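Below are two complexes that have chain A in common, paired first with chain B and then with chain C.
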Partner chain A sequence: MPNTKRRRLFVRSAATSVAVALGATALAACGSEDASEDPSGPVSLTYWTWTPGMDKVVDLWNKGQGKKDQITVTVKKQASGDTLVTKILTAHKAGKAPDLVQAEYQALPTLVSNDAVADIASEVGDAKDKFAEGVWQQTTLGTDAVYAVPQDIGPMMFYYRADLFKQYGLKVPATWEEFAETARALKKKAPDKDLTTFSANDSGLFAGLAQQAGAKWWTTSGDKWKVGIDDAASQKVAGFWGDLVKEGAIDNQPMYTPAWNKALNTGKQIAWVSAVWAPGTLTTAAPDTKGKWAMAPLPQWSDSENVTGSWGGSSTAVTTDSKNKAAAAKFAAWLNTDGDALNALAKESGIYPASTSAQLSGAFTTPPDYFSNQPDFYTKAAEIAETTAPSAWGPNVNVAYTTFKDAFGKAAKDKSDFAAALQTMQDDTVADLEKQGFEVSE
Partner chain B sequence: MTSTSRRAYGVKGAPYAFLLPATILFALFFALPIGYAIWLSFHKVKVSGLGLGAGARKEVWAGLENYTDALTDNELVDGALRVLGYGCIVVPVMLGLALLFALMLDSEKVRLAPFTRLAIFLPYAIPGVVAALLWGFLYLPDVSPFYYVLEKLGMPQPDLLDGGPLYLALSNIAVWGGTGFNMIVIYTSLQAIPAEVYEAAKLDGATPLQVALKIKIPMVAPSLVLTFFFSIIATLQVFSEPTTLKPLTNSVSTTWSPLMKVYQDAFGKGDIYAAAAQATIIALATLLLSFGFLRAANRRNKQDVSQGGAR
Partner chain C sequence: MSSLAVGKAESAAGTTPGTVQNRPPLRRRIALIPTVTLLFGALYCLLPVAWVVIAATKSGSELFSTFTFLPGTGFADNFSDLSAYRDGVYWQWMGNSALYAGLGALLSTCVSAFSGYALAIYRFRGRETIFNVLLAGVLMPPVILAIPQYLLLAKADLTDSYLGVLLPQILSPYGVYLSRIYAAAAVPGDVVEAGRMDGASEWRIFTRVSLPMMVPGMVTVFLFQFVAIWNNFLLPYIMLSDDEKFPITLGLFTLLEQGANTPALYTLVITGAFLAVIPLVVLFLVIQRFWSLDLLSGAVKS
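Right after this comes the complex of A and B.
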């Protein structure tokens, strides 16, 4: 008797273990909303987004323009970034993706390559001149098609503690060479402080820095992809940060940790290479130092240059599963080009708009609360946004980003060669493309 | 005549009718997803050309490719070794403490037993992710109160989130969270031991230590086997603790444990096929290990019983 009991228990727990191990894949079978509607009558659309406050912005549409056009949009709040990409792909596999989705620019090739997002060139093509060329190009992937409407962008900038820079007699670096000198000078004056840290837990930062240096990670020639993650520009960037970490001029611990928050809040780290959305992060990470920070353009690789990278930013795309693509495209265009919509997005969601005309109007005529000491914050930001370098995303950015975290995390920890980590990133990305059957040129 | 046969039929069909709901649920929510995962594990995606646009991506038969890839993947093997190292700390320490606490609570001279029992059990009620966050906070030198005290005392401040100490740090979270549960399991079976046994032992002049070693531990052996069995499975499936600690340190990679690798491949890299194959391998390994352990434990039990009979 005890034997049978034990056996039964065993079967159950063994089965549970299988279930847990397979749980991840089993989830893939779950579907989503039903989007079948009569195209001629009133239309209702589902929109997956992670932007906070988006429901309030969509309310504007549903009560105004949308009411006129009989197009009702429902917001379904989602997890951000890559998690949503996976969810969209899974839903698309079941033919049940929502009508509209939010997608980061670097995720668009993945979505396009899975045939998950539709070409809406004929519906939104006119919106092209509302955006900077480099931004718009990310939604076309260099083709005649248009796969999304840009929503927000993340031009990169240099943030620093103005008071501490003054105290230690540091100059705001205009070039990366000066940036390194500044880091060393600070170490000499205050050995327990760091200018900043090299963090390996957000691949977007490194991608943006490489982009500024002129890296083109994914390009096409004919029917083949070319991966240039270890190109000269990226090697320069990797080498630069690797040397700083190695000589101990900057910290090597990840950002977004309680320790990092404390370092920013107490002035242990006195600068941060970030993007236009930094005020929001600093407000929560370093509340005590409000009004002590200042923003400047990103350091340049040479005096004559004036270029920045982008870190973050997303777009609104229409899925191929949508039964009302024209209506969905109409909403996507309204959301990201209409003055009222953009004002509401800025106010409710705190995004920095991709639309150039919106960058200096409405909410952006006054500086963010955290930077009240810098009245021209958004004027400067708009100028910097104009200098954003073009980016080149490919169909497996997710793989490159994942490899970055592990390879550079290890290199930063060991203070070892960043070039080797970059090589790993290149190799893994190429191997994954080849495994999937893409043609890759050397 | 008719009524008898109908009754006979009804009796014959009854067990199946009772089984039906369970069978349907099992098939729908258990066999089917597992079957689908196994089906996925034998497939892969094949892209043609640049892979942009409709119909560029096809699901094709992969044979054993995903399995050979998984088995030759150093990262998966390394992950398994890391988990082995972690398990070698967690399982003995956790079960040792659980047994010790259970024996102490069961002894006659204990005071404040209900409170102590609850205090030891309480961490089990805290979700793993919350526990890991909590401990992660305590492990970070810049924010931990422990490091503050160590610094004031002029003592060395080890980096707990790197190298060897990282295993201790992770194990500590599991031990802290799991000891209470295992203690309750063992304690409950200690309570079930009939009082006559103790009385007899006392009459024979056995000391409390002898009672514990010679009577209590052998009599709760089945519970020990059970807790050991659960602990092995839990160890093999460690996921939330390292995942939660990962953003705090460069030392925990996204593929630190085998299940993290499965998650990473499925949701980070979007390769559900490879992830399905790895999940199947982990499930099989879990089955083999736990089944092997149970069989070994059963065999020993039987030997003990027969020896006991001979004596």
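Right after this comes the complex of A and C.
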């Protein structure tokens, strides 16, 4: 995409108010003095992460710079997902959280508002230029503090079966309108096939689509939170998908099930709105169709736009329980900015790095094996990554996500009103925020 | 069983012998509706097991593309991949599960036997209160206790250790409850009385007279506890952070949830789940005979 427009809409005005709205955090932000203590003597750190192969990457540290600095890191492999946040918070309650944790971006506000992760601005602040601004902003929550170092990102993209698109004479949709027409055109030509499905079992997908449309689900004004889950942008997205499901232009079955895998593998579903990590998923889900897929930017809401959402991605944070915050922050910065470390992360763990310089080097000079037919896969991916819309996460993303799965899951199954489901999501999220003692403005 | 028991056989516990009288002669014919219902139930229970068994034989490319109940060709590969995953950590998990479930169930059965017997045989102040508290404990799902237990054990610095998982599972309200019910039914007061008359100590009566009568019940408690601990997820999930100490449930979960950018290791998880069921099946088959053997026989005639 040569005409890359950088759309960066930041919530600068909210900068200080987030810290206030996060309550407990305002105090935590002052806690950075103990983080700058110089560790004397050998230090050993524990690190909770779900990234496969992380132990091998950490070995590089332990044998290299870590050895020099006398900082040894031990990986304790965990399962990913919201459950890990709960586990970290439980451990934090007992004062036993590990020194370092891997945290998805949308989980950071929850961890910050529970005072579980430390401000490491003074240690890792210099790393800022290594990342796109929209990515870095997710770890600062718009404040002067820095709560984590970005590790990987998941810019969203459109994946489609190039061979079948050709066979049915379909054009790769550039706008969502064209996307809907493509879905209908396919239905006409091959009634038993679907362009894709609307799945409610991963909230991150819908969140990313809403983000692309310009939704700001959590914002602050003064010391109050404002929940915008049913804002105009999200309503537009919900309505769009709801209509497609209702008219039967796309499928309504959840993804990541054996049936879904089969649909992708046999060409019953011929496209997937996903993110940069899709090749990994497709490798197991649709092994027989390797080399037949292609990747394109996400359809846009209008011709003049060029923006994408993000689905997934995580960061490395230092906990407030850590007794060696400075050492831990040093490791977190190394892990996510050092060239060798990022190369190893790409090779051993298959992550798509948040660090912009790493996105086109090393492992990313050749396309993923599954997409060997698209040599410029990662060049394109890096261009798309630059267009990622800013995100606006709040302290109870988990609640919104759970309600999403229930409400939208039901709406998709019944082919009923998506707007009502969105309203439920909004109401439940607001109710939970209030229950947790946050001030919420209407 | 011991000769003591034969002494005061005739005065059995209160119940009159069950009267089986005037029953219309039943021909052995197949009752259609119950049979069909049961067959359906069996199918409902066995189908997922069959799925796991068959899916475990499929290779990654066959898993979602071939007919569901068509056996695949990849079992040996799955098995060796699973064994090779992170230097065989799967077998470490299997060993951990065996330790947690085996030792945990054994200790739990001992504690249940002691307390159940005491509650059934001895009369003491507060007995009913204790029993009622226990009953409340039976109704309390262990899941909601996991976090308080974690916070407690964190104070004792026992989190992320084998003990941290073992200790909370040793006391099982359900096990004590079952033991009490069983002891009350299987160990007649008269037999205990006879033992006392003959000058045996309480400990000797328990180990030599009562315990043998309680064996079938204790086997049941052991099995229940073993299965409960083997399948337990939340407690070890909260308690452990080092995956070398994980039981199999937790290990398989980490295999499945590796973050979005890595393919879920379905074939490994399915093969792992299949292998994890085998010890339970074997245990049931082996212990079954101890189980049903003595349910009807007893020390006193009734």
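Following the convention adopted for this analysis, the second predicted complex is superposed on the first by the 403 of 442 C-alpha atoms of A that agree within 3 Å, B and C clash if a C-alpha of one lies under 4 Å from a C-alpha of the other, contacts with A are read in each partner's own complex, and residues count from 1 in each chain.
Following the convention adopted for this analysis, contacts are C-beta pairs under 8 Å (C-beta built on N, C-alpha and C of every residue); 3 or more make two chains touch, one makes a residue touch a chain.
Since the model is a prediction, treat every value here as computed from it, not as a measurement.
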Query - Touching partner for A:A412 - first (chain B), second (chain C), both, neither - result: first
Report task. Please work out whether A:F438 is in contact with chain B alone, chain C alone, both, or neither, and reply first, second, both or neither. Result -> first
Report task. Examine A:A94 and indicate which partner it touches, taking first as chain B and second as chain C; both and neither are also allowed. Result -> second
Query raised in the report: With the two structures laid over each other on chain A, which partner does A:S80 touch: chain B (first), chain C (second), both, or neither?
Result: second
Requested in this report: Examine A:V112 and indicate which partner it touches, taking first as chain B and second as chain C; both and neither are also allowed.
Outcome: first
Requested in this report: Would you check which partner chain A:I229 touches, where first means chain B only, second means chain C only, and both and neither mean what they say?
Outcome: neither
Report task. Return the chain, chain B or chain C, that is in touch with more residues of chain A. Result -> B
Requested in this report: Classify the contacts of A:T220 with the two partner chains as first (chain B alone), second (chain C alone), both, or neither.
Outcome: first
Query raised in the report: For A:P258, is the partner it touches chain B (first), chain C (second), both, or none of the two (neither)?
Result: both
Query raised in the report: Given the touch rule stated above, what does A:P287 touch, chain B (first), chain C (second), both, or neither?
Result: second
Report summary line: chain B and chain C footprints on chain A meet at residues 83, 256, 258, 262
Query raised in the report: Along chain A, where are the residues that touch chain C in the complex?
Result: 46, 48, 50-52, 76-81, 83, 87, 90-91, 93-96, 98, 152, 154, 204, 256, 258, 261-262, 265-266, 275-277, 280-281, 283-285, 287-288, 311-312, 314, 349-352
Requested in this report: Show which residues of chain C lie in contact with chain A when the two form their complex.
Outcome: 60-61, 63-65, 147, 150-151, 154-155, 159-160, 237-238, 241-243, 250, 253-254, 256-266
Requested in this report: Enumerate the contact residues on chain A facing chain B in the complex.
Outcome: 2-3, 6, 9-10, 13-22, 24-26, 28-29, 82-83, 85-86, 89, 109-110, 112-115, 141, 143, 200-201, 220, 223-225, 252-254, 256-259, 262-263, 268, 320, 395-396, 398-399, 401-402, 405-406, 409-410, 412-413, 432, 435-439
Query raised in the report: Which part of chain B faces chain A closely enough to touch in the complex?
Result: 30, 33-34, 36-37, 40, 44-57, 137, 140-143, 162, 222, 226, 229-230, 233, 236-237, 247-251, 253-255, 259, 262-264, 266-272, 275-276, 279-280, 282-283, 286-287, 290-291, 294, 298
